[in-house]
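Some structures are shown below for you to check.
The two complexes that follow have chain A in common; it is paired with chain B in the first and with chain C in the second.
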Partner chain A sequence: MSIITRARARSVGLPHKRPNPFDNEAFLGYLLLVPTVLVLSIFLAFPFIYGVVLSTTSTEVGDEVLGRFVALANYLFEMARDGVFRTAFVNTFSYTFYTTIVKFVLGLSMALLLNQVFPAQRFVRAALLLPWIIPSVLSTLAWRWMFDPTFSVINWVMNSGLHLPICHGSTTCVNWLGTPGTAMLAMMIVNIWRGTPFYGIAFLAGLQTIPTDLYEAARVDGATRWRQFLHITLPMLRPVLLVVILLSTILTFADFQLPWVLTRGAPYNSTQLLATWAYTIAIPGNQLSIGAAVSLFLFPVLTVVIGVVLLLLRRPE
Partner chain B sequence: MTNDELVEVFERDPELYQWTRRTFLKRTGALVVTASLAEMWAVACGGSTGGTNTATTGKAPVPRKGARIVYTQWNSFVPAGDAEVRRQAQEFGDKFGVEVVVQTITQDDLIAKTAAYVQAGDGPDVISMQYSWPHLYTSACLDVTNEVNILKQRLGAIHPVNDAYTKVNGVYRAVPYTIVMNAWSYRTDYFEKAGVSGFPKTFEDMLTAAGKLAKATGKPIAQTVGHAYGDSLTMWLPVLWAHGGKETDAGGKVTINSPETLKAIDWALRAKAAGEVFHPEWLDPDNNQAYHSDNISATLNGPSIYIKERDTNKKFDKVTDNAVMPGGPKGVFTMNLIFNQAVMKWTKEPETAKAFVLYQMDKDNYLKWMAAAGGYDIGPFAAINNAPVFQSDAKLKAFHDVAYDASNKPIGYWPGWPAPPSKKTSQAQAEYITADMFAKALAGTSPQTAVKEAEDRLRNIWEKP
Partner chain C sequence: MAEAQVPQQVGGAGWLRRRQRGPRGRIEIGDPFLARLFRIYIPVCFFVLVTLFPFYWMLITSIKSDTELLDFNQLPIFVRQPTLKNYEHLFTQTFFPHWALNTAIVAVVSTTISLFCSILAGYSLGRLRFRGANWIGWAIFVTYLVPPTLLFLGMAKLIQVFVLYNNLWSLILTYPTFLIPFCTWLLIGYFKGIPRELEESALVDGATRIQAMVRIAIPLALPGILSAGMFAFTLSWNEYLYSLIFMNDPISKTIPVGVTQDLIRGDEFFWGELMAAALLGSIPVAMLYSFFVDYFVAGMTAGAVKG
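The block that comes next holds the complex of A and B.
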């Protein structure tokens, strides 16, 4: 009830009604936010702050109280003395960078193709989502089997099917998970396979919101398909593109299941990512605080990435 | 414990262990003698027996009727063994009016879950802990010294490796449970075809055999040099020790950068050149699969390869035999997978949980479990280390002999040896530092660089302020 209505009620002698706090829009707004804030505080803010606190102590798994305060010693120790950490840091960046680019290109291509009219369109769209739907651990185990040097179906196809000279007649020609370069490539292939459908479906949803009359007008003006893509499709898709890239970058930076199941850091830690190295140190290695420090190295990086994407999103048209 | 005290334990609950008064006294008397001999034996050999009969024991734990406990262990590579664990849990529950929930999870997940339970301060009442976990999670494990002392009275001396893992600062934080032995499983037909008579006794002989096998059969001797929690550690630490190398000395001083370590790496390089194949990508199940699918002629593993061939596959069972670890210049060194039962501090039923663990360790029950698992495990006490299952199948002898030698003296070491098990040895083990050192050298890094890198990583652990 507004102030004016209450004043009128008083002036005509109607009985006075107590003000309803829910009539206050600002109050109601904050009230409705409470559940979300609570959930975010419990499941995101608290673990994050606890992680930050842990990383500045010497806590180990099972300690009943936090270990002694060591300030930034864990971070400095990792940067200065841990060679595996440095490898994991570089790997995390290259893993995220290359997979994001490839997923973007493939996902956009997939969306453009799926946006056409063709038979069994719905079935194909649903089927292409399968890699995203299957639990990562199961699909990665299947990939591990396919990359196995002894049983590799990929090698078998390369040798017996395609007769590639690289195989020299052997089905064990590429030891996919046995050398640093190929193991990293294998991890990227699986990540791209799993992540591309997410890009594709999200981009497809964006494509379907672009008004068709824009394309019709462009065609009337004689624009080629390429120019239509550059000047209509890409600009109109920009918000979706940026959000998908943002989400994918965060998820790929923090990827754990896939690299852990596929390589577990082997051979000799050449495929460690920050997430797998943090786990190795914190859980089997028991150094909870150092593990927390390793995982928090991602935070400033991700903050910058998120900041840039949000700025781009807010850029006026 | 005096005889009167033993009688008191028996009289309070004779049904618990299904022994008559006479057999109880007879067996404990015999065990006292056996244990004393074992202790003398071990001391003479410079080993530890984990103490035997000098320890005092209190009352045996008595299960509370109506209690409910949860027991968590790994998924064994021999499912029949897990089935027997469940049967015994049911039997224990029926007998004492309690409910025992047996929860099995994969080995990889067990440490993550255990760490989560410990951090949360809640979870299963009993956890089957691997390697040095009682040293990692000491404050979360109840003192079970009394129960261990009871078992020492009944079953004799503890295997020194289990003893070192379970005893933390003089207090037992877990009950010694089992040893999963690691020995070589090999194809006798391929060895014969290659003209190699029997499995090599030394690492030097292994080079010759590896060359002949690769040439004559195309089926190499193969092993992981990757991040496999069992097979990688049980291979590369003994190779290092057998050549005289050690990660640290007994006091924790990092000593890996030594001529002996370089000799061990040199052996690995020569083995590779001769035809042995070391896989940096293999995890624990991978060599099993390679063997069962006829791709390799020999590999180091737990008994699961042989047991699967013997009991299920029946494809290469007749041409599979097993052999102990070869020796190096410094002798024969073995390492096995170790499990011990910890009763967790958060349990609301500590007596029932401890009684259940003792029930599993009852000699008859333990032997039934060993028989069900077909020789996959061996007991960590003197009275259960030479079970009938090892007598009935001569091919299992090699597995027995990597935990107890031919004269039944306990043998074997732990990751980090000669430093005693600790959080630091555990961390070095979790990071696969020694295996990585070999893997890097085998991939082409200079041995000196690989050793230096391992040294730096070990220093990060042992000399961290």
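The block that comes next holds the complex of A and C.
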């Protein structure tokens, strides 16, 4: 093999070169993956497997070794006995479902707006993306202050600014985070405020890949704006819409920071989600293995969503 | 008709140039001002107002004195006697400077580690042809979709085994688990977008594979690396769950954890101070982002839309 190479190299007059293993694409390809695979298998694969094992035992905080093996007892206990778990389960679904719909509609309108021409466009685009950049713990704190029971600026605006009749002339009429219904609503509002920019910017990018000829042709044929939107924009945008919705579903479904900082599941567990409940049981509640079981309830749903994302992302090569 | 081409989203710059002089950049004839007012200007103002109000409220709250903060007889949306007392208190009476330093160290180091790993992996998976490359690429993408909520208990065990509680290394080592998959995924797209011919001509001229990678492919992917780095920095600056669990010592906390735990004493909220901390904690990412907003948007586009 090397003789042939050397002979060829001589014949075209190139200086003799030893075959370098790094020039082999496969060898180099695997070599470059080593750091990533190493980090991910230690810090990602291990915690995941450990979590699964943990959920089948009875282990508490402070135990040096894993507790007794109890198979699926933790899962069954949660499903059969734990009322809070059921609330959290339902809440997680409704929180994800409603916020996703609203973020989708608002994000699409934001993208359509930003695709128009108007003054100060760069400023507006930067400003609208801001909620998505800022640490959500910090912006959620600001919202918590805006929803304060006595000094809520939102109540103040509703009463003194807009004179809404529901306020009865008082600035403390709605106890946003203190009553179950409004607490969930408040949590959804903050999630929507934070998540919409992601939809908006991603959709905007999708909009700008639609060839303008299509719109010009439609206009020549006398199509109204609405029909153009329905028959050109939406179908052309479909792949982007689906991928963004699914990615956002995953993030919202497993959301911890926002609900934890805003309400911690209060009042009466009405805003408890699977993520916050898993944490509450495991860390302050000391029941590690039950917490692990609760968090693993996220897994089947996430698997389905991830599977759909992968199918959609698979580009025809 | 040159403008009507589908823009290359990978490069980022094309995406921006297009915005300024594309055919959409004209105000249509026969589109009266009144129609534009209702269709564009009013909705835009509404979006901007709702988006920015919480930040305005943070700022106003942070420069109010305690008496003014709790006085709703005056207009609460303005401040009459601005004061920096809250900021002064934050810097002298709390560990806020420590938290800021911790957050910065963790963000910079974990971003560096993640970028190193994901540049190599991104090049390997986006550029080199070998058995299983596609499969590994998808596997890394799937790990990006596994949230910390699912991993935190196992992660806590790992940190306990390594005896890293209250040590910044616990965060520096765990953050790459969500940074590397994301950055790698973004960079695979960038490396795929660089024409193969450029590297091949270097190989013909006698460069080794590694020289071609270091001198040609990586410099050309710099916009992508920059936006991946910014995402990584922002994500680690914002992280909450891991640092909430691993950092219990008041001095070793990061900003989000310190602010939510140590600035709230029992049921008592010191809102002026809290909002001052929230504002200061937001400024570094906001600054970073205002300088590089275009890379940020382009990177988001490449990552989210192109997949």
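Just so it is clear, the second predicted complex is superposed on the first by the 260 of 317 C-alpha atoms of A that agree within 3 Å, B and C clash if a C-alpha of one lies under 4 Å from a C-alpha of the other, contacts with A are read in each partner's own complex, and residues count from 1 in each chain.
Definition applied: contacts are C-beta pairs under 8 Å (C-beta built on N, C-alpha and C of every residue); 3 or more make two chains touch, one makes a residue touch a chain.
Keep in mind the model is a prediction, meaning the values are calculated, not measured.
Asks: Looking at the overlay, does A:F151 come into contact with chain B only (first), chain C only (second), both, or neither?
Replies: Both chain B and chain C are touched by A:F151.
Asks: On the A-aligned overlay, A:V220 touches which partner chain: chain B = first, chain C = second, or both, or neither?
Replies: Neither chain B nor chain C is touched by A:V220.
Asks: State whether chain B or chain C is in contact with more residues of chain A in the superposed arrangement.
Replies: The partner with more contacted residues on chain A is C.
Asks: Identify the partner contact of A:A71: answer first if only chain B is touched, second if only chain C is, both if each is, neither if none is.
Replies: Neither partner.
Asks: For A:G62, select first, second, both or neither according to whether it touches chain B, chain C, the two together, or no partner.
Replies: first
Asks: In the superposed arrangement, does A:I283 touch chain B (first), chain C (second), both or neither?
Replies: Both partners.
Asks: Using the touch definition from the top, say if A:R81 reaches chain B (first), chain C (second), both or neither.
Replies: first
Asks: Using the touch definition from the top, say if A:L138 reaches chain B (first), chain C (second), both or neither.
Replies: The second partner, chain C, only.
Asks: Show me the chain A residues, by the header's touch rule, that chain B contacts in one structure and chain C contacts in the other.
Replies: Touching chain B in the first complex and chain C in the second, residues 148, 151, 279, 283, 288 of chain A appear in both lists.
Asks: Sort out for me which residues of chain C touch chain A in the complex.
Replies: 1, 3-7, 9, 15, 18-19, 22-27, 36, 39-41, 43-44, 47-48, 50-52, 54-55, 57-58, 61, 69-70, 72, 76-77, 113, 116-118, 120-121, 123-125, 128-131, 133, 136, 138, 140-143, 145-155, 157-158, 173-174, 176-177, 180-181, 184, 208-210, 234, 237-238, 240-241, 245, 255-256, 259-260, 269, 271, 274-275, 277-279, 281-282, 285-286, 289-290, 293, 296-297, 300-301, 304-305, 307
Asks: What does chain A use to touch chain C in their complex?
Replies: 20, 22-23, 25-26, 28-33, 35-36, 39-40, 42-44, 46-51, 54, 109-110, 113, 115-118, 122, 124-131, 133-139, 141-143, 145-146, 148, 151, 153, 156, 171, 193, 197-198, 201-202, 205-206, 208-209, 211-213, 240, 243-244, 247, 250-251, 253-257, 260-261, 274-275, 278-279, 282-283, 288, 291-292, 295-296, 298-299, 302, 305-306, 309-310, 313, 315
Asks: Given the complex with chain B, which residues does chain A contribute to the contact?
Replies: 60-64, 73, 77, 81-84, 148-151, 175-180, 183, 263-269, 279-281, 283-288
Asks: Quick check: in the complex, which residue numbers of chain B touch chain A?
Replies: Residue list for chain B touching chain A: 111-112, 115, 118-119, 136-140, 226-227, 279-281, 283, 286, 289-290, 293, 295, 423, 426-427, 430-431, 436, 439-440, 443, 453, 456-457, 460, 464-465.
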